[in-house]
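Both complexes below contain chain A, partnered by chain B and then by chain C.
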Partner chain A sequence: MNQVGRDFPRLEVRAKVTGRAEYTHHLRLPGMLYGKVFRSTVPHGRILHIDTEAARKLPGVHRVITGEDIKKLIPEPYYGPAFHDQPILALEKVRHVGEPVAVVLASDPHVAEQGVQLISAEYEELPAVYDEVQAMKPDILVHEVLKPAGTFADLKHLKDRGGTNVALDYHLRRGDVDGALAKADHVIEHTFKTQQCLHVAFEPFVSVADPGDSKLTIYTANQSPSFVRIEIARLFGWPENRVRVKVPYVGGGFGGKLYIKLEALVAALAMLVRRPVKIALTMEEQFYVITKHPTTFRIKSGVTKDGRIIARSCEVHWNGGAYADIGPRVAQKSGFTAAGPYDIDNVSVDSYEMYTNRTPAGALRCFGIPQLVWAYESHTDLIAREIGMDPVEFRHKNLLRNGRPQASGTILKDAAIPEVFQALVKRMNWDAPFDRGAGILRRGRGIAIALKAVISPTTSVAVINISADGSITLFTGSVDMGQGSDTAYALIVGEVLGVPAEDVRVVHSDTDVTPYDMGTLGSRSFYHMGNAVRLAAEDARGKLRALATEAGLPEGTNYPPVEIFKKRYGMQAGNVIGTATFLPTYSPPDAQGLSSNVTPFWMVGGAGAEVEVDTETGHVRVLRLVNAADCGKPINPAVARTQLSGAAIMQLGFTLSEAMHLDGGQVTNASLADYKIPGMADIPPIECELVTAEQHNGPFGAKGLGESGTFGVSPAIANAIHDAVGVRIMELPITAEAVLRALRAKEGRPLDDE
Partner chain B sequence: MKPPVFDYIAATSTDMAVAALAAAGGEAKIIAGGQSLMPMLSFRLLRPSLLVDINRIPGLAYIEEADTCLRIGALTRHFQIETSPVIARHLPVLSAAMTHVAHLAIRNRGTIGGSLSHGDPAAELPMIAVLLDATLHIESVSGQRAVRAQDFFLDALTVDLDSAEVLAEIILPKLPPNTGWGFEEIARRHGDFAIAAVAATLTVSDGSIRQARIALTGVGPTPVRAAAAETLLIGHALENKLVESVARAVRAAIAPEDDLHASADYRRHLAGVLTDRALHAAWRRAQGEP
Partner chain C sequence: MIPFDMVEPTSLQEAIALLDPEDGSVRPVAGGTALMLMMKAGVFQPSRLVCLHRIEPSYARIAIKDGGALQIGAMATLSQLEYDVNVGKHFPVLKRTLRTLSNPRVRNVARVGGALAHGDPHMDLPPVLAALGARITIASRKGNRELPLEQLYAGYYETVLNKDELITTVTVPALDGRKAAYIKVTSRTADDWPALGVAVSFAVKNGAIHDPVVVVSAATEKVTRMANAERLLQGRAAEDAALNRAGDAAADEASIHSDAHGTAAYKRELLRVCLRRAVRKALSADAEVRP
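On to the complex of A and B.
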């Protein structure tokens, strides 16, 4: 039966369209209290006094909890995937506006909300730092001491240092950059910046904790339930099996719902008051939870006359905000590929994850890669212009190919870089004449391509249960948040066990029954969990055959499973349990930041854009957006294409309109009225091309794809704008005003002169 | 957040509505489409003790053609105005403006009376009311009065309406023959409030402009009529030099401010560019071109 490789509708679409799909927001438990959060109004300060008296007296308020109350329950109430730096509720200091300081609990959420408005706090304000480069100076310290978490294999080397805002610095040295720059015919340097953005999942953060007698159950919209269980157990000093984490469907995550968000808070509250507690944030509150890193990227390249890049140095500062969250991984992991998908012998990378007094930054659809691609593909385009080469030809000349060492030293394998690039060039009709517009409206086109290494080493475990009637249930810790993972795994199980995918039941994360998974993140799941599922299915198939032999059936029998069970157990009884654990090999970077095996697979994605610029207003219309990605062998092409188009739309917002504005640490546009995600009418025609290749070690030749569609969008648009009107935008987002200002500056009459 | 507690009356006549407003002594608010009011209640920017719902008052939503004007009931929804053949025939600049007001779902609920009474500094309807010299009919327990749109908009979100008054009807004079129109807007996204927008009409005979009107929104606390700029056009044919000086006069007539979405400089610049475009469009249409 051929299950894998066909367009297959997602298993849960009917439930979602009819409103029957299970989400944490729907959950109400008997005796449940609602928590509403009182948040810091200062960016950096010492807490002098929290006045909760009036709130406590409000009729209907059950209790008001502060950080000091939590400390009585959990003496060290700090959590985090990289550092244990984030208090469950602020203790002694607040480090960003919006940091949770107290919680009001009531049976009615509106009463709790009213209670919050009656709380006041006094702070001794401290000087604050907001900029990632300024934070290098240690005169304002966000944290006095840091405790590395030691949880994840790739972050074992984090150090406890004081006197700095650097959470992690990653350095890569390959070849002799200075020597090569000295020999280059052209040395070209630029600095690019990106802005702070938000995930804007349709389902805001929500968690419920239920303190049972012998175990605590957490229902939560979270992408990494196994991590939640480990971290909550650690905080309470319990064994893992005292914590149960259940994740139903998740209404979008994009990296925001990774690690701990509200889980530690609801768990602590529930244990304090011995009643179920639910906290559901509003859209506005999300601006104070987790964001996408603003960055400053200084990039310098040495290029020969004939267009070979011989050296590149990259210095990236990541604005991680007040708590590290997974920022250190962003800085390190993306550091491996900061020099781009090019074959460059001499590379240096210096990547710094910085603490500042902003909302924390973490993973957002690609762990930092789009920020890097924005810089290096804009830079690449500018080099081509400067040396007078066509940007396509210039890239062709320098593209990294399989069998060659990538900057990290790992030999490139199964990365369809030239193929993806070729697909883009072809779709864009690069060699055909192009209508450049006339008069006020000018047209241009741009292209960009990028490479990503997946996070490694990480583990996935899958369990398959074949019941005595032959029906199959799959248990995985992957979280389906709309990306179609349930369906993809069902296709794999169907393929291996010879049943239609729609007959496979997929059990969602429930740590009481589903096995460990590192997390649904970074395009890792389909590769890691997909492999685990395939191996578990093969294990089950083997065990079923053994059962047939035990039952005395001849080798190679094609008895249906129910007959095998009946024969073996005398009735419809028993189970076959197949299981597998998948962990790829990995070598950690050495002192030079180099490794022979930095990733089990590479992701390749690129974009092409055609734009029309109104030279009088600066308004940019994207006429066409082409997205291409290496997807190995697609398991479900229909879903793969929507992953590419969804990613492109998301990155389009980050490119043209989205930005969090800050005033004294306060987000001044913390609402969807003023924070501009693209609406349907703002989305241009998007063409997606799945470049089919073979990932030799992927499940049925496939690889992860959830992020590749974001890679090239921003620089492709900036390059197209440059092509159209000859101005270069160095900072995101590319608003109409930014373009107009650049046009006017180029004409030598800056806008302010009017 | 949810609105604070309030009482609610569904009025079935304008008399009932104004009586309820008067009885509440300044603490009541009218609710029409709710598209601006509900967010303000939910953010607790307003805390009225009473909401007077006017949606069930019969005969408050209409578009009527008279000899020299169109009469529009305050409860007429944006979508009815956008799709009305009568308006398309007599006031096509209004039809065009409506497509820039928010999104269809909002236009299905939002009303012309609500938009004018709300007085958002970047809204389209107040600007069109000012452009077309609308007269607003207002009722209260003490009687009726009429206000010119020019005098109605006092400041951002502040209009010449007492808390006990209801805006009942909007009267829009028909455009004279040989009048062309232009409407130009720049917004951050489709359906967003304008960063800047310009609407213009030109009435032309024998190759020269007899009457000119230019109105702007998004470039100050209230919609603006650029009277000095209009005068420059009278008696002339439209040509580029003239447009340049008119655009300059428009830029001089406004006092935009910086906000999250655009700087004052950019808004002022746009005012000039959009004036240029709106005037050229109006001129073309006055010659009978589409």
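On to the complex of A and C.
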């Protein structure tokens, strides 16, 4: 039976719906202490004094730890994937409201919490900067010096510089943008903005550290256990094998649980007190850990009168908050696709990752792509309107096709851009008459399409063990956080080794036994780890055949594995271990930001929306949302569709309702009562279309898909609103008030500001 | 969470005796849906909670009295009210309101008395019951007193209840053919706290609005009647011009501030529109009545 291509339910569904699935939140170790975090109340300040006296005296409090205590254990207690800029607990300065300043440890978490309320701190407040464009002025510096981490291959070029809030600036220069703009019939420029948002995983951040004899075990809800091991070992000056990182199921990650979050803190605390330590954050505390970048994107295009885009310049400022986290990768990786999925000869991109005094920003389901698509697909629609061309026809004319160079110079291959676009147009019935409504309720429709490259170069290693009875175990560092990676790999193993996927056992991340993986992120896992798993399975298959030959069995016979082992070892004994490492080829960008081989595969996704606008209140109802994506050859179509719809729902929240509000550096809506994610009643009918193509170097022709469903949602809705009522929203989220204000301004009777 | 006492009296009199007229950290708890959130957020730290679950079950009864008045025991859950046959038949506006009030988990637990006494202006029952002319009975050591519901609210999260007083009963007069509707507007997601609530009730005489009650919530710091808007509706047919004049009057009259749900200017605009829509909804609601 073919395994690949089956509509196969996820392996863990029974365990999850019966409450038996293992999560870090369930873990309790003997002698374990709970840590509760005392956080900064000022956005930028010098720490003058931390008064922990009253907390220490509270009955039941084991210890109170500050940054200075950590420093005695780890002299340089700074971590981060791009820069070593983030202290385990604040040292000398605090750089955002909510930054961890001290921890109270107690056997009872409620006592620890009470202890936190007894701590006070005194700060010398410093001027703060919150806006990503204002941060370009170096008069307020978030960091005096920057220490590049040098960990990841794609971020080796980060510089050790001072006197700036720019963590990374990426520049791409292709052709002659100024010359082409001068020749263009229309030059059109807009500025778009996006807001600060949150991942809101069902499972908030949680980590446990257990100090053993000359080793340390960390149990954590984390998407990148190999990085955690490397980084914790570096902080302690240990070899990797003294740190063991175990990750059970993760209750949603979306990029939030990448790299180090609570792991360095629990590790340091556990080593200081020599007892297991657990920190589990509340929903509310998540607002002070990691967020999605707010952006300002200035985009300018030169267009000929027959509708060809001949030049585009893009200037993007990313608001990275107080610590870089993975923001520099966001600014660079997303930067080179900032001009969109269009065939444009002259492109310039300037992409700036900025430090500000906000909660740090990192990866959130697409590493910055939705912020870019919001701007370039809104802009593309506006150009079509200005030159009087149908937005579908205008895009058709300019779409990038396989065989043509993308802005980076890499020749596009296996990217089904026209096919995805065509699928959308067809599903949306674009050429059929459309009921535009009347009176108060007006209807419109919009469309958007986008392109993303995968993070590169990155490595995945897989190990397969065939036991002597023929049963198969796969060891992988991929983290299954609900996306169905266990199931996908089981299908691959089953396909190669000729067994049903349900019989393959997948061992979750445990760095003592599972091999290296760069991380479960950016839709990279299925392609990279999937290839490694396939190669490891082929390696095991080859070794099993060799074992049969050694056992004197004739070539090509189909003895079951158990018979081969018995024949070779005289009893049910032995193992066959297959292993493989996958690392695609890559060329880093040159001084012009160009590369001939910038990504091993491309993701293509688009959305179409039909909306109804209440012209008296500004409320927008999405009547229909169509989502299409290039998924190569889907390994498991049932799961692929839920990945697309889940991504669309998430982006719908970022489009219409989600925003962190800031007042003087304070988040004023840090709870789910006031930060509004979509509920069931907000979710429109979503149609998902898997556009089947072939990714020539993907495992069985497939490619990553976890993010593609987010790409087009925001601009498709904004374009549909424009189509319905003739107003353009330039900033996310598109609230009812924003729409009504735009309508009233257009009618010449604007609403008062307050 | 800091330790506290939890007592479970078995009678109303015992419960009242356990309350403390002077101490704000002693509080009654009915369904606890609001109070638990405040405790979790550290906004409220009780020294003693007086749990009302075990008092006489008669305080959870819902009944239609002679003359058609609805009597609701304060300990009735919101879903009891939602699914009560008589409520659905005689007070359809209440049933419709409850369908979008929070979610079934909350409605199964939250109590009518708690929903009124909490004093949060964003809640749905207070404006609707006030528009229906509900009266509440309040018990204390000194005996019982009665109050029109609209007079319960003194400010943001503030009521005129003393710390040792409990609401025991809500009495809603028979509709007697009056029309009623409630519109809640959320500005972010459907399950958000409202940016604005507008409840209306009125009689129709010779095709004109008679004896209207207009109540605004959520956008204002407390549930508030709109006297000027009511005056402008009195005796008028439900035509756009009259409804818009009343909407303008309400927008001028209501004290509205900017918050996370929207600016004051936007909420005033919503009030203009929704007052008109509420009157129209009340007039067309007959068609929606289901037993």
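Note that in this section the second predicted complex is superposed on the first by the 752 of 754 C-alpha atoms of A that agree within 3 Å, B and C clash if a C-alpha of one lies under 4 Å from a C-alpha of the other, contacts with A are read in each partner's own complex, and residues count from 1 in each chain.
Just so it is clear, a contact is a pair of C-beta atoms (placed from the backbone, for glycine too) under 8 Å apart; a residue touches a chain by one contact, two chains touch by 3 or more.
Remember, predicted model here, so these are calculated numbers, not experimental data.
*Asks:* Give one word, clash or fit, describing how chain B and chain C relate on chain A after superposing.
*Replies:* Result for chain B and chain C: clash.
*Asks:* By the touch definition at the top of the document, which applies to A:Arg427: first (chain B), second (chain C), both, or neither?
*Replies:* neither
*Asks:* After superposition on the shared chain, which partner residues are touched by A:Ser657: those of chain B (first), chain C (second), both, or neither?
*Replies:* After superposing on A, A:Ser657 lies in contact with both chain B and chain C.
*Asks:* Contacts for A:Glu737 in the overlay, against chain B (first) and chain C (second): which applies, first, second, both or neither?
*Replies:* both
*Asks:* For A:Arg308, using the defined touch cut-off, is the partner it touches chain B, chain C, both, or neither? Pick first, second, both or neither.
*Replies:* After superposing on A, A:Arg308 lies clear of both chain B and chain C.
*Asks:* Per the contact definition in the header, classify A:Lys183: touching chain B only (first), chain C only (second), both, or neither.
*Replies:* neither
*Asks:* Find the residues of chain A that appear in the contact set with chain B and again in the contact set with chain C.
*Replies:* In the superposed arrangement, which is not itself an observed complex, chain A uses residues 110, 113, 616-617, 657, 661, 668-669, 673-674, 676, 678-679, 681-682, 735-737, 740-741, 751-752, 754 for both chain B and chain C.
*Asks:* What residues on chain C touch chain A, complex-wise?
*Replies:* 1-2, 37, 41-42, 185, 187-193, 258, 260, 262-266, 269-270, 273-274
*Asks:* For chain B, which residues are in contact with chain A within the complex?
*Replies:* 1-2, 39, 103, 186, 188-192, 251, 260-263, 265-266, 268-270, 273
*Asks:* Can you list the chain A residues touching chain C in their complex?
*Replies:* Contact set of chain A toward chain C: 110, 113-114, 117, 284, 616-618, 656-657, 661, 668-669, 671, 673-674, 676-679, 681-682, 735-737, 740-741, 751-754.
*Asks:* Applying the document's contact rule, which stretches of chain A touch chain B when the two form their complex?
*Replies:* Counting only chain A, the residues touching chain B are 110, 113, 282, 616-617, 619, 657, 661, 668-669, 673-674, 676, 678-679, 681-682, 735-737, 740-741, 751-752, 754.
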